[in-house]
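Note that the chains are named A, B, C, D, E, F, G and H in the order they appear, and that numbering of residues resets to 1 at the start of each chain.
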Amino acid sequence: MDPARLENLAQQLLDGQLEVAEFVLQLSRGVIADLGVAQVDLDRNRRCGFPEVVYGAGKPPEALVKIFAALLEAEGNALATRVAPEQAELLLGHYPQGHYNALGRTFRIGHTGTEWESGGTIAILTAGTSDLPVAEEAKETALWMGAEVRMIYDVGVAGPHRLPARLAELADVDAVVVIAGMEGALPSVVGGYVPCPVIGVPTSVGYGANLGGVSALLSMLNSCAANVSVVNIDAGFKGAYVAGLIAKNAARNRSR
Amino acid sequence: MDPARLENLAQQLLDGQLEVAEFVLQLSRGVIADLGVAQVDLDRNRRCGFPEVVYGAGKPPEALVKIFAALLEAEGNALATRVAPEQAELLLGHYPQGHYNALGRTFRIGHTGTEWESGGTIAILTAGTSDLPVAEEAKETALWMGAEVRMIYDVGVAGPHRLPARLAELADVDAVVVIAGMEGALPSVVGGYVPCPVIGVPTSVGYGANLGGVSALLSMLNSCAANVSVVNIDAGFKGAYVAGLIAKNAARNRSR
Amino acid sequence: MDPARLENLAQQLLDGQLEVAEFVLQLSRGVIADLGVAQVDLDRNRRCGFPEVVYGAGKPPEALVKIFAALLEAEGNALATRVAPEQAELLLGHYPQGHYNALGRTFRIGHTGTEWESGGTIAILTAGTSDLPVAEEAKETALWMGAEVRMIYDVGVAGPHRLPARLAELADVDAVVVIAGMEGALPSVVGGYVPCPVIGVPTSVGYGANLGGVSALLSMLNSCAANVSVVNIDAGFKGAYVAGLIAKNAARNRSR
Amino acid sequence: MDPARLENLAQQLLDGQLEVAEFVLQLSRGVIADLGVAQVDLDRNRRCGFPEVVYGAGKPPEALVKIFAALLEAEGNALATRVAPEQAELLLGHYPQGHYNALGRTFRIGHTGTEWESGGTIAILTAGTSDLPVAEEAKETALWMGAEVRMIYDVGVAGPHRLPARLAELADVDAVVVIAGMEGALPSVVGGYVPCPVIGVPTSVGYGANLGGVSALLSMLNSCAANVSVVNIDAGFKGAYVAGLIAKNAARNRSR
Amino acid sequence: MDPARLENLAQQLLDGQLEVAEFVLQLSRGVIADLGVAQVDLDRNRRCGFPEVVYGAGKPPEALVKIFAALLEAEGNALATRVAPEQAELLLGHYPQGHYNALGRTFRIGHTGTEWESGGTIAILTAGTSDLPVAEEAKETALWMGAEVRMIYDVGVAGPHRLPARLAELADVDAVVVIAGMEGALPSVVGGYVPCPVIGVPTSVGYGANLGGVSALLSMLNSCAANVSVVNIDAGFKGAYVAGLIAKNAARNRSR
Amino acid sequence: MDPARLENLAQQLLDGQLEVAEFVLQLSRGVIADLGVAQVDLDRNRRCGFPEVVYGAGKPPEALVKIFAALLEAEGNALATRVAPEQAELLLGHYPQGHYNALGRTFRIGHTGTEWESGGTIAILTAGTSDLPVAEEAKETALWMGAEVRMIYDVGVAGPHRLPARLAELADVDAVVVIAGMEGALPSVVGGYVPCPVIGVPTSVGYGANLGGVSALLSMLNSCAANVSVVNIDAGFKGAYVAGLIAKNAARNRSR
Amino acid sequence: MDPARLENLAQQLLDGQLEVAEFVLQLSRGVIADLGVAQVDLDRNRRCGFPEVVYGAGKPPEALVKIFAALLEAEGNALATRVAPEQAELLLGHYPQGHYNALGRTFRIGHTGTEWESGGTIAILTAGTSDLPVAEEAKETALWMGAEVRMIYDVGVAGPHRLPARLAELADVDAVVVIAGMEGALPSVVGGYVPCPVIGVPTSVGYGANLGGVSALLSMLNSCAANVSVVNIDAGFKGAYVAGLIAKNAARNRSR
Amino acid sequence: MDPARLENLAQQLLDGQLEVAEFVLQLSRGVIADLGVAQVDLDRNRRCGFPEVVYGAGKPPEALVKIFAALLEAEGNALATRVAPEQAELLLGHYPQGHYNALGRTFRIGHTGTEWESGGTIAILTAGTSDLPVAEEAKETALWMGAEVRMIYDVGVAGPHRLPARLAELADVDAVVVIAGMEGALPSVVGGYVPCPVIGVPTSVGYGANLGGVSALLSMLNSCAANVSVVNIDAGFKGAYVAGLIAKNAARNRSR
């Protein structure tokens, strides 16, 4: 915040021209880009370590364009998830440098961090080939966060040779994202092998009693592996975000 | 009710020409517009303070037209919610003075109250930009009720500066409608700041474990803020109706 | 807040001795009674119109005694809900002037407001005799809020004469609390008769498919009466709080 | 069963040519029309009082045509429910005397009973205009059963004058079918007025927390009115069938 | 209602001394026994064919005693369900002529109807021996209604010989109550054999995925037998009440 | 069935003294032990390969004693599950040769099969030590069926070395019962290693989101291993029964 | 595994060139066909008795083609389930010898086993004609497994003559698959007649309270027949796989 | 693993005395303490960074004593959760140096790590005083892991001043555990302020529609804050374990 403005506000407070509530309100101004129906949080990077990510579902395409403008001006990069093709089309028209991942439904421009900073390393595992769209959302998120990503596909529990064959790739990562539908058992098994946090991402892959992913979600919440925490069904973004945050902090600690 | 008719009925009752049940039935007649498959309640305004509002979903367009005719004749204004575009088209053909809000799916002709009456003041808040359609339904309802409305968009809890920056706008309202999906936390936070009722409207915005809005609904029902009551998922109409009713009664009390 | 302290803090902010975050934090101090595991909100009355109410369930009796001490010192009155007999016993030992309502499980000392202030009028209806404990919690809450209360018992829909016989008592109230279990139909029926807000309180009365009150809760949320909003199952406190808040504001408006 | 065939079978049983199991099996033959993927029960009328009704959903249109042929040959009439337009088209091509009720999705040819038999009297009530499709399915079922039907539309609880105005029409019916969505309160209220069974048909009319009709279903199951029993959501057919069966048996008793 | 009182009320209405609402209210008086927290419906027998039945759960024993006094005075008989032993003890103290069925948890004094009236015939079937308590509640209800009852125990589907051996006993009954827990399949099977209504009573017998009886409830609601309607889980009273009402009306028709 | 009686019945059928329905009914007689509230199926062994097993929950102890008498007389052995200590006490008083497994809540006398018959081999695995009671019920069932049983405890997925260390014991079994609570992942993993059916038994072991075992149940139903089928939560009896039946049939095939 | 390679690996282990973890990993290699996003388990046949079956839903058609190539090369046959028409089209283009069952949504090339091997015998029953698609998936699976299949259609419980007429066909099968929607009662009834395992396949056939098949699923899980185990809703593949596995093992035992 | 034993095993493998499966099995031996019904994983510390933690619920006290003996011998410390008082009593008899936290139901002996190692820093927040037992379980877990813990109590969202007053204490922690019942909104709010992972622990504190904690669980899963992941309801242990693991790895990175 501009020191002159702070001084001015505090003076008004002391002079009784501003009530305390109004003073606090004024302090809040300036860190929000007011776009009418959207209030973009420009202070998020400072508070939380990464800029705001845009949830695209249900937003008018024009609003998305404006939000991207505000974020790009403030941060130089931007990420949106749950972007429908028609929203992506308009975004691409305005930001041809952006990348639309049609499978993962993400729209991304650039990435956070600087060239010489490490974002740490995460692994993203899928139980089956049908979990691919969620894995793509996770991958784009990790790339935006500047993390090094190892993708390990189709190592679900029914084929017991598949995971052990890839364990070596997990030895030095900062966090593991495990994406699985149906019975959602993979995070528990992975959790028994690694000394880092496992973030379980249940998917809606399956039918009948999978109840749209609730079955996998409950499995992961009840995991007997103590290092497993869970995010929402099909939330590839969130799984990768939590892992990427752990990795970024780990990398920062290593570089001190 | 016409006094002459009442006298006539009571006389028949005393003469034994009418059984008590039939007498009571006759008292009920005349306050209902019998349209066959629809029975429009023309006595609602007297009993409840506002005329009947039409639930459009699943009604044949022709039936909607007839219901509007009955309401307009009796009240001079009318509001329908959950109106599909094809229903709206027919309504607009008959009532070109009406307003179809395509986002909020409402069809409205005029408003209740008279020019010089105040309907009080309410605030309508949304947690995110994707809650917009529900907010539009709420806004149209409030306008029909004659309330003054303050729209405050996109002040959900993840950006903690956003709500405090708008609290001053809530200082003098009679009731607050808070519209939120996902974890539905905003009503609890708003409830901790205001001395008036907060009506929570959970929305189906979100995915996976939001279970079509059930997650936000449960949050609001379990709110630790004592001044929060809740209406159905996506029920922008109902949230605004309850708030508008509180505001109308408050304004009437103020004007005495 | 003490003006001298505010001036002092603002000066430190201007002098750079306080960061903005720390300054805001200091502004927050003094309105919370820090009891270690409990942080009593002493600013609630100013912000929300009524002091904090204590949720007794699961709190150590000794902690309840301390919280009551803090509230009594600041407000001169206090209300706790969900108070078990063993908690009540200790409270009564310390505060013999308090009233323990064993059926409603509330512990109350005094009431808010002053002698000459009106808290407005509310009606509390029950569908059946088995809803009594929830009604008692509601009644105690209303009394604490200073509202005039009309209790109307056992007027559920299966006996269709019972509600009409009591409608006159609802004519001039500011809000109605309707407490019902089983199919929870009563709020809809009441809602069709009154020009004020109806707050539905579903109860867990019933068995089998009532699913611990979820059946009545869903009924009320889906009410076709527009003036019905809902609180949690068995939440007599919350139902009466919302009604009492509406009534208090109405009374204030009338007295202006 | 043909007596000669029975004698022949029993003789084989006594001669040891047939095991008991096989004998029982042979007794069962001849009352089933074996159409390969469908086994039409031609003995239903004798056992249960009415012929089999066809559940159309998911059946190949050609199979429907064959099933109708078998039923018409055996019974002279036939009813199918949940018939999609494309199924109806093929049926109408083969049976131009049939009636397709597009709103109620039924296909009906003739009715049961004879001209001079009474099927008793039932009333079918709807809570709202949007319940119409379910009411049409119910009406067609009742007509096929030979019952006299009184349709009473849009008398839900929010408009409290509407039901009393129609109670006289319920005074002499053998059973009442009450069709309601949203909070499903109407059966309880009707149940408090009539001395005959009320069959509640919950509908999926509503949104959000109505959970596809589960809200209305639970309401009706928890009805405080003792004379209410319930059928599946949107099961207009079943509601009318149970009512029509009660009415038919009542009429038979009256005619003895 | 006393004609003199009716005349008096109507005169007041015509004289303007009574508003219409108040007049209707006065008409309602006299058919309710006002016991404070309980309002006993003394008009139920006239409207619905049977007096009010008392739901005992959660009622203070003293209130039960008063309600029984009011019912006995008005009707000469009374039935309460869900009566706990401690409630029964007090009731027996006041009404030693009453019968407490400890397994079925009912308290009953006398029965409805007169000696020479037939209440028709119903059958009550259980799927297993563990369903006995629900069957007892049903039996007591049927006895109170004056119905002839045939008890058929333990004929669930796993033993396929058991039901056929008892079918002859179902040939001439007016209605069948089928009580079953676990998979709740028995009503469907019975429904395929009888020409009268089948009322399914799901029970909470079972464990795990029976979800407290929800499994049996869903089975019965989805029954492919058209003559099956359903009441609440463990609702032996309601199942027998609906059957008894059908039987009573059938007997009345037969006796005309 | 006694041939003389069969001949007699068939003769009556041919003579017209018996209707077909009555004839079939008479055929059914004699294979049921009629104990009033219990109808013991004495034909089960012939039809299904094993005698009836008694579900003890909720049965009066005296009824259990009678049922055991009937089974012992007919079969020479008997098994009851869900037997409470007070039921067991009475049973032991009458049948001191019986064995009450207090942890598994079974009461068993003898076993099926003869000395020289093999009942095949099954393995019973548990995921954790807390699954022990369910495993005991399974073990007793298997012993009663005459199967050879291998118990393998505490080999859940979180400790990945534990299952492989025991795989050799599964190499030659006819079926595997896998008992697991929490996330219920073990059946999927076992399923990937064995060439025989795996019967998953979910348990209620766990807390919170395990929802009384529903979490493990859903996991197993959604298993990506094709050879996994599932029984009810905590149904150690059923899991072992299905496995024992497979094993018995396999052994019979081997011995031909 | 190639012995030379094993020797080489063990030597490296002894020489310290390989860590144990890496050694185990190397042992795993070679039994997996690494196709990038898919890891095909080529060792399944050896471990589990049948090759991997492909779950088609959500897989890119190109990936399906590659997976089929890997399976055909290794096994000479392949089966995929949940194959959409557009996936089938591409598969048929590459593998014209394959068979696409459009109703059952399976794609199959050849079958397992050799000409002279018996895969045993299974029966597949459906409750109704609408269960046909699930039955087709089951039939294709059984054919691929080399089992002899008996299809028995439309023998649900509402028509009680239909199942007994077909019982003789079940006398000598190794396992029975019972496919049923709505109340899902058929497996319990079949279970009471046969001495072999019954695998229940609940289907989503029905509406309203069938909750997408959950009703039938719960019924089957709570079956009072001890020989019933259950698979996922609409899982015709799994039901047939478990039955086919039992049958195959039985046939192997018979042929020893 | 002992190198001599490894050499010996590998030699046997090369000599053909051991099959590959048996060889792998032998490699697994020695890292498991075989206690019969319990198989203690002594290799967990090496693989996962921390020793196995014991889930006490439902374990026989004697088994707990043996498991503690095995863990203490191998690790020198041990932690058990969900320990009932009677289990604790026996443990304390054997291990008087242990600490039983009666509120948190944990039994702990010593801690992991060495004196000079840092386990990093975590904060544990509760929304309300009633969440205390879960917080105690979390605290004990963190202490066992060697983390520095900051406890911050009763800062739920209804009192908006309470969290800001404590934010400074969160500035430098490695991870935050947020424990909240009712609407579970606190993790979202905290997530908006901190640059580290937030692990949400929903609690069962509340009543009615909190559904045993499901309400708070769903809130946290749907959090709009990207840095929030979730563990099971009341899983204080798991929340602290994930946080402690992040903190430990962070501390290790800092110390390099």
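The rule is short, and it goes like this: a contact is a pair of C-beta atoms (placed from the backbone, for glycine too) under 8 Å apart; a residue touches a chain by one contact, two chains touch by 3 or more.
Model, not experiment: these values are computed from the prediction.
Trainee: If you tally contacting C-beta pairs, which comes out ahead, C-H or B-E? Let me know.
Mentor: Looking at contacts between chains, C-H has the larger number.
Trainee: Find the pair in C-H, D-F or A-C that has over half of its contact pairs, by residue number, in common with B-D.
Mentor: Residue-number overlap above half with B-D among C-H, D-F or A-C: C-H.
Trainee: Where the CA atoms of subunit A average out and where those of subunit B average out, how many Å apart are those spots?
Mentor: A distance of 38 Å separates the two centres.
Trainee: Per the centroid of Cα atoms for each chain, what is the distance between subunit G and subunit H, given in Å?
Mentor: Result: the chain centres lie 40 Å from each other.
Trainee: Indicate the whole-number Å distance between the mean C-alpha point of subunit E and the mean C-alpha point of subunit G.
Mentor: The answer is 49 Å.
Trainee: So the centre of each chain is just the mean of its C-alpha atoms; given that, what is the distance between subunit F and subunit G in Å?
Mentor: Computed value for the inter-centroid distance: 25 Å.
Trainee: Subunit G: which residues touch two or more other chains?
Mentor: Counting only residues that touch two or more other chains, subunit G contributes 24, 44, 55, 128, 158-159, 191-193, 208-210, 214, 217, 221-222, 224, 232.
Trainee: Can you work out from the touch definition every pair of chains that touches here?
Mentor: By the stated definition, chains touch in these pairs: A-B, A-C, A-F, A-G, A-H, B-C, B-D, B-E, B-H, C-D, C-E, C-H, D-E, D-F, D-G, E-F, E-G, F-G, F-H, G-H.
Trainee: Note which residues of subunit A are touching subunit C in the complex, please.
Mentor: Answer in residue numbers: 1, 6-7, 10-11, 13-14, 20, 24, 27.
Trainee: Could you list, by residue number, the parts of subunit G that touch subunit F in their complex?
Mentor: Residues in contact with subunit F: 44, 47-50, 53, 55, 174, 191-197, 199, 217, 221-222, 224, 226-232, 237-239, 241-242, 245-246, 249-250, 253-254, 256.
Trainee: In the complex, go through subunit D and note every residue touching subunit G.
Mentor: Where subunit D meets subunit G, its residues are 21-22, 24-25, 28-29, 31-32, 36-39, 41, 43-44, 52, 55, 57-60, 63, 82, 202, 204, 212-214, 217, 232-235.
Trainee: Help me check something: in the complex, which residues belonging to subunit B touch subunit A?
Mentor: 126, 128-130, 132-133, 153-155, 158-159, 161-162, 164-165, 167-168, 205, 207-210
Trainee: Where on subunit E does subunit G make contact in their complex?
Mentor: Touch residues, subunit E against subunit G: 127-128, 156-160, 182-185, 188-189, 191-193, 206, 208-211, 214-216, 218-225.
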